[in-house]
Amino acid sequence: MKLLVTGFDPFGGEKINPAWEAVKELPDTILDSEVIKLEIPTVFNKSAEVVKEAINNHKPDVVLNIGQAGGRFGITPERVAINMDDARIPDNEGNQPIDEVIQKNGAPAYFTQLPIKAMVEGVKAAGYPASVSNTAGTFVCNHIMYQVQYMIATEFPNVKGGFIHVPYIHEQVVTKASMPSMSISDISKALEATLVKIVELKDQNDLKLVGGAEH
Amino acid sequence: MKLLVTGFDPFGGEKINPAWEAVKELPDTILDSEVIKLEIPTVFNKSAEVVKEAINNHKPDVVLNIGQAGGRFGITPERVAINMDDARIPDNEGNQPIDEVIQKNGAPAYFTQLPIKAMVEGVKAAGYPASVSNTAGTFVCNHIMYQVQYMIATEFPNVKGGFIHVPYIHEQVVTKASMPSMSISDISKALEATLVKIVELKDQNDLKLVGGAEH
Amino acid sequence: MKLLVTGFDPFGGEKINPAWEAVKELPDTILDSEVIKLEIPTVFNKSAEVVKEAINNHKPDVVLNIGQAGGRFGITPERVAINMDDARIPDNEGNQPIDEVIQKNGAPAYFTQLPIKAMVEGVKAAGYPASVSNTAGTFVCNHIMYQVQYMIATEFPNVKGGFIHVPYIHEQVVTKASMPSMSISDISKALEATLVKIVELKDQNDLKLVGGAEH
Amino acid sequence: MKLLVTGFDPFGGEKINPAWEAVKELPDTILDSEVIKLEIPTVFNKSAEVVKEAINNHKPDVVLNIGQAGGRFGITPERVAINMDDARIPDNEGNQPIDEVIQKNGAPAYFTQLPIKAMVEGVKAAGYPASVSNTAGTFVCNHIMYQVQYMIATEFPNVKGGFIHVPYIHEQVVTKASMPSMSISDISKALEATLVKIVELKDQNDLKLVGGAEH
């Protein structure tokens, strides 16, 4: 089994992007499954092109994108991606779509194929806070989750896709009042726990499938 | 123009449901548009039947459902409803669907037809906190929002539908630590501000339409 | 019985100060006790001079100062004032003491003479969130609470003093993300509930007296 | 220079107390200063007796007590301890003082002799969130901080005392919704950063001294 795990490149003048730093620290193999790590641009559409090229090159069984949602208290696998870009701030190339459809022929939303509730339990068993999230927002994170699902619906029917939001890291909240944070190392260990569950349950999906290509 | 506004009945042994109390305090007319107020059961499916009957009886132009999301800091119009019931607790008749599709032939999600960003601005101009929400959860609130959208997609193409989550009221947080709250009266005034915007902008929708019957 | 209740004047270029607006809305008489309302400057030391003059003029039995602590979720009577000014921002006249003793001959701290737990219960019974606070901070709020206590310790032994922090009002959080708020009118009603308790329990103090003039 | 650092024993049926676990992981020497680690009981008065015995045995220059304040977002050195026990729950031996004076002959409050602002800066420079706190509460944490200060005021004039509150650890919040947390290892590294500052600035105190024996 092959797992493609992505993290965004540094955003808005920052030197590092914690999501990518945590992905980089993942082991190269999890339960005999290969982990391919990929840094992707924090840019609408271009992020999707980079992922698509990697899917074509590596033929992964699973695509898991990781992004940061400052303010969250734990590891939050996303349930659903919606067909909507709505950016409060520009991406790394200055794009700022407002209430734009991502794919005109895409479904209004796609649900993840990953066992998100088992992944949450796996993180908790490893000693870290986690919960299922029902929104990936409307910025580049939801965008890439949606785009991967659209690729699955249209081109790669055997791939499973999903997205996980992670909290701020400690260094980022030093100048912020009252914001939860985790270390890169702990985020990475928690992500590893989700990958273990994905591999263990590769034949299961704890969401009844809805909203696939039939819509 | 006719506005059908609903609130849920008391839930889980409570004597009142704040959402319905706030709806009851709305004026009967807003900018010459009639406001029809309806209490609906906090029950999967049955809530939808009650709304459907009211749509058939009253022929409203707009259906706006109101529910409570304890923990939110202001008035939050919802952007999207997803085709998924996932209840952590039972509804008022003991139903507790887990990861269930709401409508097998429904779209994975429906976006509201209401001008949610203008509604948020209307509430703020009236002096109350508000923001667009991208998730109505997976309990009865998302359920009724989804069901109304499904009715619109399949039976009532001229109706506009939407949902607003409101915070706890003050009385509810007296025994809770550190939870935001508003008075019923203030919630009602804020809801009125959203209805004014809906009437004023009846020919507009600030989301580009996606995910309708074509999917 | 005479109650002197103060609120600060507008701070930092604001047009209104919610604490004073809430005080202004208090009734003039509570359970036959006269309520004297006084706006005081948001200025170290000068605020204390204004209160002292009012004590000399009105001979109140109780001095209750009201201030705002943005971020608090309810009405929070303060237990204790400490002998320390430490201002992160300048007051309305540009004073910004850092780790300064307020009164060289004062006690390190003074506990309120008011029945703060009963006051909290009174607010809750009126339907609003409330809790005892153990810190009034180190800005002008703690300063005036401390100064009144110092006056009581040194000049007005029959006066009872205390301080209540109130949350943001709704209008203030319209541009702030995720901050709790109450309306001026609700804050005022909650403050009235504390005054009722003060009058009812005028011969009681639910803190065993410590740290008075003997130190 | 000798540093006595304490952590509480497990409380309320828990198997570990994170504060003590973090203390245990501290190095034995910091900048040539010896670090003596002591587990103390989560019990009013008895905790103070244990610390006093250790002061007599080890003759430390600094006594730093560590405790947990669930809900805090970072490392929070305390500014002041107040002469007040007020326990919402019983301690480990069933004591539950309500509004009780700790020391009849003690000052109403004592300020720490430690350079708390420099300690905060040290933690931030190490990459962890931190801020000065103005209340240690009214449970065993404030109690031990007060008692150590009382000992300093009455018996050990050359000792410097202080207290630091630390957040929940990750394992503790797995079953709690939306609570900030840090790993034991990160808490320990942050505490080490405060000790470095204490040693470096052993001749400084960034609070002007107030409320000592002279009152």
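Every chain is named by a letter (A, B, C and D) in the order it is written, and numbering of its residues begins at 1.
Assume a contact is a pair of C-beta atoms (placed from the backbone, for glycine too) under 8 Å apart; a residue touches a chain by one contact, two chains touch by 3 or more.
For reference, the UniProt names are A, B, C, D = Pyrrolidone-carboxylate peptidase.
This is a predicted model, so every value here is computed, not measured.
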Most widely separated chain from chain B, with each centre as the mean of CA atoms: D
Equivalent interface positions on chain C and chain D, same or different at half: same
Whole-Å separation of chain centres (CA-atom averages), chain B against chain D: 49
Mean-CA-position distance for chain D and chain C (Å): 29
For chain A paired with chain D, centre-to-centre distance based on mean C-alpha positions, whole Å: 40
Sites on chain C at which at least two other chains make contact: none
Chain contact topology (line, ring, star, complete or other): ring
Each pair of chains that touches, named by its two labels: A-B, A-D, B-C, C-D
Chain C residues within the chain D interface of the complex: 79-80, 82-84, 99-101, 107-111, 133-135, 137-138, 206-208, 210-211, 215
Chain D partner contacts - residues on chain A that touch it in the complex: 73-74, 124, 127-131, 170-171, 173-183, 186
